[in-house]
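In order of appearance the chains are A, B, C and D, and numbering begins at 1 in each one.
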């Protein structure tokens, strides 16, 4: 079985496993008060290039979204997201579980369009019934988006500019951040991105770690008594070292970016295979997720030898299928897939 | 520095690390739909000896308590716990965050006394204002307790009997379950315990795993659409394999129980060291947590060479200190401690 | 100032005030355990014609929606509503505050279209990622809708049929139910409507009461220990008599329906005035809310002598304005308005 | 049947009913934006003597407690209350429903003792595990307490002083505030009390209104966008006039205080009746709630002709019974009770 199902099918990058093994017997304090967590946070602060940054390590993506959003919103506020955003659809109502509404704006190719955001906020403020409505207190975007697409620096600047002028926060879900930053289509590095939002997270789970997401508060704006709020939401790991060691390794020797670039390279090859065979793409994704339109008959056959995700019906005869690459994708897999097609 | 701070200061048991390494490159499905999770669950079902058991793997203890309790309680119900219970004190209000009250009964040495429970329930039912009060819908106990003490089989039977007669659920927090079961003072094995409650969890984090707790619903009573409720609370791990592989290993070759027994043996030696030197114990714990009364002056000196947890003030001159053993406690550490004392 | 702002600008219908005065000195038990509440509930049960009905009296509409929805949904479920539904927009996120998502389907003239509902449910069930999504557990509709429109009996039957076949609940928000039932356009009476849903409420606040909404569970399906769940949400009135007496009076001598019919008659006259003057309607509403398109210049002048609600911008030159009638609308007001136009 | 069951058995004070009737046909805006609400708030601001005060009108006591507490606490905080406090026992977990823990301190005669509060806060701050615990962010006291007892000015000053030195808020539940202020045992007026807390509420429901509680934020500290937070919790009344008119009347011509004083006078007479007959009191209450110890045999007989609340078992032979007076208690009732005893 060749596997392109997603970017979390295998374990951790070998360097991470090696590091976990080397440090295994060393006793350290729990709950993130260990030298590995500290070192990882320092490395991340350096890499994002902000002296005002504060970094926190959490276990998973939905947990991170729920914690970041619910601890930064005021009681009367909700969070804006596009209708295809992860928090809008695939988090089982985790944001609503914290008592806050997700306010939907229709996205384009998974992206929030700045002018739509501006219109939404303007309309809200001029609505005479707004005190009976949920105030928009934050904008949530994913980079890359759920469709593998990217914001340009100009687009992100526009969105952040609107947020600042309306005094609402901008939060970037970076579950696959590395793949965005290392894409040929990206015109931003992590330092530039960090300056264009209030908070973002650097996804570990989908970029080589067993688990873990690093939240970066860009401007000394981490909520007070953070640990208590994390504990209250069941997100505090006793052996915090598990997160610290992984992120310390990911941000040693450029590993995080090399893993990401490797997956992008594999995605290029994968894309070429499909293109050469005449397949059409549902969306033109420059990152590690590729959405291909496949004939239903072929799909059935293919699924016996290849793992992938069925995304949605395209039409009566065709289906949109997602293929994903990662650090563990092998060139052999792509060759094998090519032969099967 | 000799470390007796707690049972989660080191990484994972070497067998677990080895297993994670061996399986690392194998691609499997995410979110717990992998063969390791399935195998681990099957092994646990066999070990608890109940065909009606359902097993779920979660990441951490507070998360597990919040998920189990909030998905089993009805809207108008709360959960009974002793005042020193983990959910009453050290979970930062995680149960209340789910909208349910923790109803406190005063415990004795960390334990809930059956007759106190019966009185509480009887008084509640005869209270004419009870419709304005939180209904007791579940009893929460820890085994071992937060003070390292154990319920006898008779005591547990009594508590469960009361629960059944009042039609409320009994939930056992087994964060350190192995140390309870393998204690010389225990008169129950895991099969017997499993028959005396509605749901319990087998703690992994404190018994050799990097992270992970295995919830056992004893009687086909797992809440419907469990995965969705877990996701909603940010508890669903994308790389579910991390939990599956660890528990599969813990329940291969008796590892879970051997780890536990080893820590108990170390605790015996530790206890003997203190006893021989004339120290008094705050509580007579038969498990891997030992609560010793230490003179404040001595404490200060000791803390320079030994890690432990300061529990509480004993009197003006003395302090209660907790020493904990685990799979990674070395006999040398105990010898060294003995010399320091 | 002529007032068409809404149907809650004046106090209570004189009969209600009279009844409150007559009963004022009589001591009765609190929290709804009084003879007036009991009598009101009995009358309502009779009027809805269901022996299996259970009736509860609550204070306000948003409170009622939050209580009904959150106590009937399972943990993993959300509630479907059209995008213009009251719970979707104008309840400040009250449903999300209970931890449940409002799942939006685009409505037509404020109404949920049966075929859209069927498609939504079918798509959901066939979605391979559905365990990561909020399950639809209930359908919420308003009758009349927020745009004053009505469901036909056939339309309601279709929606309820779909709900039953998918085993999800149907809840009708009847904040203005009377105006729907007494509209010339209605082909249902309250007995017929009651058979076509699982739960609905009969709005009092907007139909002559100071406050109060009567929830009708149609099929012995009232959640257990209801009073406790209401108290937990701050919805239990100490002087429950205030609700009991009002509803007892509303359902004596057909008052509720007469009030409603009177407002419909006034709405007809109002509509005629606008039609005769050549105004266009934003939507063709057969109930007591009329949505008229008015030139912005004229609007400014009119607003100095008439109270109404500005609904939304129609185009650059015109605005949609809502005029509402009630038991306290006087024919003189309509004559005066006619002159002003 | 003579009624001493509680202070909310009858309707509204006749002056209030009269005022509701006089104003009934006047159309005003909804949701509290009417002249009566504004006037009531202004009167209350004047009476509490603070230019910095902000006043809000809500419907009921539990709702008020939940709204005030949950909108003023930070995410990681809980509220301290005595174990017999209303929010600790008789609000069905309404505070926990908002996600915040009620932190209990043992009270004495229903009162929080300043030195106990200081010890609690000191112990908390010196606890090395405090980041895993709920932070105390507010102190809740009732005045009068649930046992009818009162804080002296000195006691309140001490508690508020501690709160200020620990930077936590003090909230006074004044469900029966009038009876406290007009008691002979009170050494504070409302102006003095208002200076000794951050927020309190003036109870209307139990002091002559059909419903309604007036929250006073003493120092420009009303949470932002209050109306939205109230709406979100289902507490916003469409016909806000119902609250405005009642409070406007209560604070016209000293009515609120006269009602309270009248009930205190009746309580004195009631007390004398019991004393003269040799009955003992469970607690020495100087307010309108009297707790009498009655022989179980006598109790049974009495209950056929008198309404009261059974409070709790005193011993095997006797019961604690609560008798309450209000504006509608008649001297004849007390004479009749005297005869029965």
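FYI, a residue touches a chain if its C-beta (ideal position, glycine included) is under 8 Å from a C-beta of that chain, and two chains touch if they have at least 3 such contacts.
Please read these numbers as outputs of a predicted model, since none were measured by experiment.
Counted as hops between touching chains, the shortest connection from chain A to chain D is 1. Farthest from chain D, judged by the mean position of CA atoms in each chain, is A.
Just to note, of B-C and C-D, the chains joined by more C-beta pairs in contact are C-D.
Computed from the mean C-alpha positions, the centre of chain B lies at a distance of 42 Å from the centre of chain D. Centre-to-centre separation between chain B and chain C, using Cα means, comes to 50 Å.
Here the spacing of chain C and chain D, counted between their Cα centres, is 33 Å. The residues of chain D that reach two or more other chains are 76, 91-93, 97, 99, 131-134, 228-229, 231-232, 236, listed in rising order.
Those residues of chain B lying in contact with chain D across their complex are 76, 78, 89-93, 96-102, 104, 128-129, 131-134, 309-310. Those residues of chain B that touch chain C in the complex are listed here as 31, 70-71, 74-76, 99, 131-135, 223-225, 227-229, 231-232, 236.
Touching chain D in their complex are the following residues of chain C: 1, 3, 5-6, 8-12, 14, 17, 20-21, 23-30, 59-67, 91-94, 97, 205-206, 210-211, 228-229, 231-239, 241-242, 307, 328.
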